[in-house]
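Each chain gets a letter, A, B and C, in the order it is written, and its residues are counted from 1.
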């Protein structure tokens, strides 16, 4: 039982990270109907920005409190990743909006290859380990919960609350939802659609950057190829929860995190990615609208 | 960055001011983008700790290029392009007479490929030709064949497949394992590999056929990854990441062998000096024949009801069903046919390398093949071949550019930039020509004259 | 079989019995029954949202009805229960073809190719399911030449022969409508379902359409079911009109009969039942005055 709960905690931690990335996929898909294949690499980019910021801070200010350190890392990662995603959307995706549908997907795949190789070229292909930042572990009823895990889960909850508020209660969120429903109509009603879409990309990138920072803190290492697998898993999470649905993305993330850690714990770790991919395939085949998504009716 | 239209009044000082403003803005943006990643480099020191190297000079170059580039773009290039566009649209459209070269492009290209190995031998000598025949000829032709195979699925039937490399893997492993287990020859296993791949195409195709567009793409990606992960983890059979090595070579229909020790060794039979170049040249012709077979079958199929049904399926699936076409079998045949050619290419790959491992069948390969299909212009065999030459040949060429070392210093390794440039090229070509290099479609039947159909009419895949 | 001779006899080609279709909580069609006679043009009319297209989609297999039976009786007497068949089987085996409200052409294929795709099943058989055709067997070549002749026949009927080698997406709207009908006819149907064929046509194109529909009935003996909003088309060419409102049949009979049915008038003008009488009187008055001016 304790072992099970332990795995549950590990799974939820991982799930928080996937959920944060998945929101970016789901928002972009919701608003422009495009799978932003490069989103996983934005997450990786955020992780690298956090890594470099960490190295700057630790070499310049020795003995900085961890809270401050993490905060600056997160902000730097968010700013960098947002700027990248904003630029990418503007330069590569916007000219293709309304074009032949495969074009944005291919462009996004090209962007993904570009981003990961850009990091490989500029930062080198090797693993980038950092010394552990937070190492306290608490023992709660025989279950080891590390401070890292608590930070990740608390941060996720806080971000989701802010995010939920923005999407549901502000003019910006309303513009987003309107654009999602009907882009032309939204434009006619005076919503700056281009700006709304830009903001969506920025929001998605910020959350992915936080996820990247958490990933770096949790595992203590990052590498230029790190965008692909977490990216696909987060996408799976978005699909599982119902693409286009924000609570769905988080729910999907948690489920994927749980499945992954429980699978590794009780079956074989070798096939844990096979499990994720199989879930992706099964959900898409049998319930493409996901858990919380709206079903799509074929129009004749 | 803003899309303010250029009016004639705004030319002159106004334009320059705007260009300056946008240039500075672009510089600032690029500073933000690159300050961490280019300005600083993470490296390990002797104690294996990460430390930062500073590269402010390089960063300055990046920022300057962005700022100046943007300035020039806004101030000079864009007004000129717009002026040209305006004058071009003012002129009446004249039918351009296609030159002899363009009309006979495919014939000339095939003739050139037939003599290509001899040209390479003539210029670089037997040993020197190796690189040109192998790295350029065979490498490009493999991608041409794969892309032509995938073209049946994506270009004709409009089914977006991101896991095509799985069938390539099935073909490669079929040959690698069966030739070692049962000692079967390449010629016996080539069709078998194709059949096995087609069989897998049907198995994987069946459950996903209800899915549309992007969803289909993602499921096929998942299947591709599952097959790769199984290859890695099913170590008893596949030897996992170590891969299968010592795969036997192919022979010329069992008559001449390329094993040096064999009594019917090719060079011995013809009294030639020993060299591995003959095998490579043989392989070149083999893949050329396989690729041309793919093209021939594609061309024939397009004029058959099944090929027309594929294209109709790409245009409108519901209309297909209303015409009594069983879309499930139609999609499955497209999947199976595409997979079969992937399987052929896979067994060729195994024979060429003599070694297969899951490393060769990563998602990136699928992405490269798909991008060649889309960049070439979906459905166009010539366009796809051109795209393969440009994308694969271009990045191969990068390896050869040793003179760049003279410019960027001895540490510069052009290979490192191969995939970066590949990715950027994908983005640039897509933004520039979303329909690919060859955007028009040859009709499969006609009453009076065969008129190419502009791609602006073809609809995207629904499936 | 000469047209007109059998209009009096009761020989239904399509029988829809107690058809119901529910979408979630919405009852789109409620216990709807009607018959379409062989050799006739039957029109299905009704206000927007009455469920006409839903009936169509049930008949052609694109929707599976919640309840009810749809029986198609071919010339030879073979019967098909359409509600049990997949959409493509209905066209292939039961010989029911259809068009769509928002034209669904293969716009990147040429006009001729559109018509060849429609002959898919015949050509597939002739090509030995591709294998014999790939080997160049003469049977396929012959069938292929025949299919082009069939296409040519329909191109001439639809007055599209000049545009045969142009992409379908390049045709003007009216021509696209005619092409879609020609394409449906190339499947060799006994029963043709047209979803608002006259929508968006100008008067001249509308006339050409009427011509085409009449000649389809006369020359190929194909029975037609059509949904239409354009009353002039309905009244002019149909032999039998069925009126649908809120998923229920409110009238059924000859165009004359339906035109004068108070319920129909009320449904179209949207008045309460007790006002119907008044409305009829008003209409009669208007008709009289119009008749006077002519």
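The rule is simple: a residue touches a chain if its C-beta (ideal position, glycine included) is under 8 Å from a C-beta of that chain, and two chains touch if they have at least 3 such contacts.
Chain labels with UniProt names: A, B = Branched-chain amino acid transport system permease protein.
Please read these numbers as outputs of a predicted model, since none were measured by experiment.
Chemist: If I count C-beta pairs in contact for every pair of chains, which pair wins?
Modeler: So the pair of chains linked by the most contacts is A-B.
Chemist: Could you say which chain's mean Cα position falls nearest to the mean Cα position of the entire protein shown?
Modeler: Ranked by how close its C-alpha centre lies to the overall one, first comes B.
Chemist: For subunit B and subunit C, what's the span in angstrom between their mean Cα positions?
Modeler: Measuring from centre to centre gives 46 Å for this pair.
Chemist: Averaging only over C-alpha atoms, locate the centres of subunit A and subunit C and give their separation in whole Å.
Modeler: About 51 Å separates the centre of subunit A from that of subunit C.
Chemist: Based only on mean CA positions, could you tell me how far subunit A sits from subunit B in angstrom?
Modeler: About 29 Å separates the centre of subunit A from that of subunit B.
Chemist: Can you pull out the residues of subunit C that are in contact with at least two other chains?
Modeler: Correct list: 62, 100.
Chemist: Do you know which subunit B residues sit against two or more other chains?
Modeler: 318, 455, in rising order.
Chemist: What are the residues of subunit A that contact at least two other chains?
Modeler: Where subunit A meets two or more other chains at a single residue, that happens at 300.
Chemist: Show which residues of subunit A lie in contact with subunit B when the two form their complex.
Modeler: On the subunit A side, the touching residues are 34-35, 45, 48-49, 51-53, 55-56, 59, 76, 79-80, 83-84, 87, 90-92, 95-96, 99-103, 105-107, 109-115, 117-124, 126, 128-131, 228, 232, 235-236, 239, 270-271, 273-274, 277-278, 280-281, 284-285, 288, 298, 300.
Chemist: Using the touch definition from the top, list the residues of subunit B that touch subunit C in their complex.
Modeler: Within the complex, subunit B contacts subunit C at residues 297, 300-301, 304-306, 308-309, 311-312, 314-316, 318-327, 333, 441, 443-451, 453-455, 457-459.
Chemist: Taking the complex as given, what residues does subunit B use to touch subunit A?
Modeler: The touching residues are 1, 29, 32-33, 36-38, 40-44, 49-52, 154, 160, 207-208, 210-211, 213-215, 217-219, 221-223, 225-226, 229-230, 232-233, 318, 363-364, 367, 370-371, 374-375, 378, 416-417, 419-420, 422-427, 430-431, 434-435, 455, 460-461.
Chemist: Which part of subunit C faces subunit B closely enough to touch in the complex?
Modeler: Within the complex, subunit C touches subunit B at residues 60, 62, 87-92, 97-100, 104-110, 112-113, 116-121, 123-124, 127, 130, 133-134, 140, 148, 152, 161, 164-170, 183-184, 187.
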